[in-house]
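Handing you a structure now.
Think of it as A, B, C, D, E and F in the order they're written, each chain with its own count starting at 1.
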Amino acid sequence: MAFDSLADFFTMGTHGLYVWSTYGFSLSALLILILNTLGKRRKIRDQLCKRFLRDQNA
Amino acid sequence: MSWAWFHKLGSPRWFFLWTKSWALPLFCLGMVCLLLGLVWGLAFAPTDYQQGNSYRIIYIHVPAALLAQSCYLSLGIAGFVFLVWRMKMAPIFINAVAPIGAVMALMALVSGAIWGKPTWGTWWVWDARLTSVLVLFLLYMGIIAIQNTLEDIVLADKAAALISVLGLINLPIIKYSVEWWNTLHQAATFTLTEKPAMPVEMWMPLLISVIGLYLVVAGLALWRMQSYILEREHRASWVKQEVVGDGL
Amino acid sequence: MTYFSYFKAEFLVLLRRKQDVINALLFFITVIVLFPLGVSPSPIFLAPAAGGIIWCALVLAILMAIESMFKEDYNDGSLEQLVVSGLSLPLLVLLKILVLWSVIVIPLLLMLPLLSAMLYLPEGSFWVLVATLLVGSPSLFLIGAIGSALTVSLKQGAMLMLLVILPFYLPVVVFATGAIKAAQEGLPYSGLLAMLLAISLLSLVLSPVMTAISVKASVN
Amino acid sequence: MQSIVSLTISDLWIERGDRDLCKGLFFELKSGQVMRVLGENGAGKSSLLKVIAGVIAPLEGQIQYAGQDVTHDRKILQQDAIYIGHSAGIKSVLTVEENLRRYYPSASADELEAVLDNLSILDLADTPAKKLSAGQTRRVALARLWLSKKNVWLLDEPFAALDIKGIALLESHIEQHVLAGGLVMLTTHQDLHSIQSYDLVLSP
Amino acid sequence: MTYFSYFKAEFLVLLRRKQDVINALLFFITVIVLFPLGVSPSPIFLAPAAGGIIWCALVLAILMAIESMFKEDYNDGSLEQLVVSGLSLPLLVLLKILVLWSVIVIPLLLMLPLLSAMLYLPEGSFWVLVATLLVGSPSLFLIGAIGSALTVSLKQGAMLMLLVILPFYLPVVVFATGAIKAAQEGLPYSGLLAMLLAISLLSLVLSPVMTAISVKASVN
Amino acid sequence: MQSIVSLTISDLWIERGDRDLCKGLFFELKSGQVMRVLGENGAGKSSLLKVIAGVIAPLEGQIQYAGQDVTHDRKILQQDAIYIGHSAGIKSVLTVEENLRRYYPSASADELEAVLDNLSILDLADTPAKKLSAGQTRRVALARLWLSKKNVWLLDEPFAALDIKGIALLESHIEQHVLAGGLVMLTTHQDLHSIQSYDLVLSP
């Protein structure tokens, strides 16, 4: 660990705000991307499923 | 060498079945590497004697910047392949990767901008590197807009491929902007010819998070492509088997 | 239909609408006027910025003019007729671009001495400005045509078009204003002009084909 | 005009917006024949004409004209065909005469005058097309059929907006054209009075 | 048709085209990028010009958005239907403007912090900029609607419209940028804001009626 | 619906593009009557309907509806009338249902469904209007006649683009409407099959 204490780790000298906001922004952007990807996958599968079942019944 | 693989790659069905089980492992491995790299960089790498702790932004900034460019490069290649050989997979690839690239470019921009404040004293300067990354972001947005706005798939595919290819010009500008114009921005850390000037404890986590992000993006891209393949090939009987088989 | 009759009709359509051409000019002027009014009227500020302001106004005026380039042809079925005419679509497209270019840029050039005087452009760099316009503007039209054809089937495609083509306009603007600035500072600028020429030639080769592809894909 | 030509469509599959409009469609049209495409609203008549003219692409199938395969390069067919769709490529700011000159630069003044007179739009020759009524606009579009020397006519609802005299005029012109060895394919919901036609019925 | 069903359908049309709204934003951004690149990227130039550049970009973005405001309604016959609907045409027009305004300006405001940072707008004058936007932009939409309605029956009315309405846009731009400059120099600016408000109110009273008249004259 | 109303046109003079289309036109249309406006292409049929609906203004003349003079303020007539012209105000990005809801927000879901079903466009309810064929688009426009409770119908070529079934459907609906006391004024170049109508012939 490059920091003496946990408080140090969070403040990062004077740069805590910069570093943490960067990490926060980037990780949440990545998270949104992942959720979007999985959501899209789910949606398309559901749609196709519905369509195939409808075709089968019709 | 036989070209069979090339033609096979062009077949959505073959691609789907071949890569079906790859996405998850790639993604998970990538996540592990990325988190390892980031935690290492955040908590354990030594403090920079010049910039203090703000340099830790590098562990996000550089992977995102590299990925933003790599994604675009691959888009350009896919666009070219589509325009020349009309390979069916190419537009699927473009559709899948453009949003990922856009997020990467945005991450590079935002992390760079935040980093700029403590080091250069300003969020933004209009130098060639930063501007060309902004243009890269706009190009991604253009491609996404084309896909969302043009309802005719044939037209949208061609348009997206065209823009992807034409936009390639931007990449050398990003790459060499720091050498051609004098800017505030740093030159490359990793080159093939020289050892990095940073100490190992600093560049090692960087390398790991770069690799991690590459893997994560690969996993995401495969997932997205698989979804688009199903959507576009819904007429084919194998899709029906695939979806109804494990969807219910 | 022959290439020549097409060319003539295109010209006629634009002449019939000479108001539009005049308006393109007026738009150009208004953007240029907006700037001293909105930002600052002092020569110290305007003189170094003049070349840039003129180029920005030019880009915007061309954008406005080119955005609806194929729209009417699309709505009245002419575009469909061009596709089924059996003539070479890229060539037809090129003719159309040519007509539009000459009708917009030539009057613009005629206005230039006045406008550059209004913005206190240093005398020496006037001819460089003219050169950048002559060499750079064709690429703006050629690139713009691709975007215009792409978005013609959308009812309100203007915005999409802008988004798609502006990234490609930026290098042209950067090189052109770079050349003017270099001239103002007494540096060599012929390299930048050559770059502009290269972009124009490249787009001359690529654009008609790509516009034709987009047109074909749009009319269905 | 060639003596005997034929347009052969085989195995045509047209899809629009996820719906199959026709699948495995086959027909042959020879010189001297009129084909009337029938079907309910939305059956795919207009789409079929557009596919043949080369405006939109079919999903599968072959199109042959005069013995040559034109599926991928429609040029040979296009140079010998005239397609008039719902909106017929009339520029609203140009006058009637200018509009026609755009398509037929080489038509002589007399010829043009005769055709316009025949269609009773001679006094509108110098009127901009946007000031025409619906039927007058259609007459301008149809004037191309009198001016052109093309073999194949693809007409999408050509009788729409025409008055009774106009319909009779067009019918007789179509008859003359096929007598001279032309091919005509048209869609309409009205009955034809004098034309003998083969019917192709599309069912949705 | 009722006023509410009309309002809802207008909203729906714009939502269906949300891409257009996004594109309006992107256009705004791109114009803002054009200026530093084309003119000068240095903060010494940009900081004092920032307010002016943002307002110029705003005017252009609104122009683009508003130019085709009635076009589609005209082409598909909706405008005719509005005229014969028996409802009050000025009110219908006002509703349409309201929808367009909220859909364009609100996202624009959200982007503003970022863009003003990129142009080095001094921190203190940011809120003045926001105030000028809120108070001034309605008048741009209201005035623009008149021009848009006047020129809708012309196939390429965009340019003519510009010509008609830009003279009326100029005072708005001058007052707005004046207020920002005053704020930057520490002078009082509330008088200028009041002027903007007055223009907006005046156009709120006049525009719907005049737009309705123009609409009626256009659909014949 | 009022029991007996009448639309009286007197001394109407319509001019368009420097040409007189009609001068001193006089007619009266009462509840229960259908008036068919006839005339060659360009005679001024569409213009007449537009004048009555209030889209364009006449040069001279009076229009009275239900005993009131509406020449200068068409509101009373407009609130009781429905005008469907060549392009009928269908927004291409909205779906069929949304388009109809735009005009009739208070129609119940059942009612809407019944009407769409009657016009055989029920399965297109969620399709954006730009993806419809010519006849389908017209059916959407005509659906307003089923949904509205208006008295006066002004229809400009309502049968255009409709297939045979569609024409029969519309004709019977018009008949019902006049039986219930409505007024209909329409232009068409086709023959009416079952409707009894008064003819007004415009000559150019």
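Everything below uses one rule, namely that contacts are C-beta pairs under 8 Å (C-beta built on N, C-alpha and C of every residue); 3 or more make two chains touch, one makes a residue touch a chain.
The chain lineup, named per UniProt: A = Heme exporter protein D; B = Heme exporter protein C; C, E = Heme exporter protein B; D, F = Cytochrome c biogenesis heme-transporting ATPase CcmA.
Worth saying up front: this structure is predicted, and the values here are computed from it rather than measured.
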**Message:** Taking touch as defined above, what minimum step count separates chain C and chain E?
**Reply:** 1
**Message:** Counting C-beta pairs in contact, which chain pair has more, E-F or B-C?
**Reply:** E-F
**Message:** With centres defined as the mean C-alpha position, give me the chain D-chain F separation in Å.
**Reply:** 30
**Complete:** Expressed in whole Å, how far the mean CA point of chain A lies from that of chain D is 56
**Asked** How far is the middle of chain A from the middle of chain E, if each middle is the mean of its Cα atoms, in Å?
**Response** 36
**Item:** Gap in Å, rounded to a whole number, between the CA centres of chain C and chain A
**Value:** 42
**Prompt:** So which stretches of chain F touch two or more other chains?
**Reply:** 86, 92-93
**Request:** Send over the residues of chain B in touch with two or more other chains.
**Result:** 138, 141, 145, 149, 154
**Message:** Counting only residues that touch at least two other chains, what does the list for chain E look like?
**Reply:** 17, 19-20, 23, 26, 30, 33, 37, 72, 75, 155
**Complete:** Interface with chain C, chain D side, in the complex: residues 50, 53-57, 74-75, 78-79, 81, 83, 85-94, 98, 101-106, 128
**Fill in**
Contacts from chain D onto chain F in the complex sit at residues 16-17, 39-42, 44, 46, 86, 120, 124, 127, 131-136, 138-139, 157, 160-167, 189-190
**Message:** Quick check: in the complex, which residue numbers of chain B touch chain C?
**Reply:** 135, 138-139, 141-142, 145-146, 149-150, 152, 154-155, 158-159, 162-163, 166-167, 169-170
**Asked** Which bits of chain E are touching chain B when the two form their complex?
**Response** 19-20, 22-23, 26, 29-30, 33, 36-37, 41, 43, 46, 117-118, 120
**Sites on chain E touched by chain F in the complex** = 1-2, 4-6, 8-9, 12-13, 16-17, 72, 75-81, 83-86, 219-220
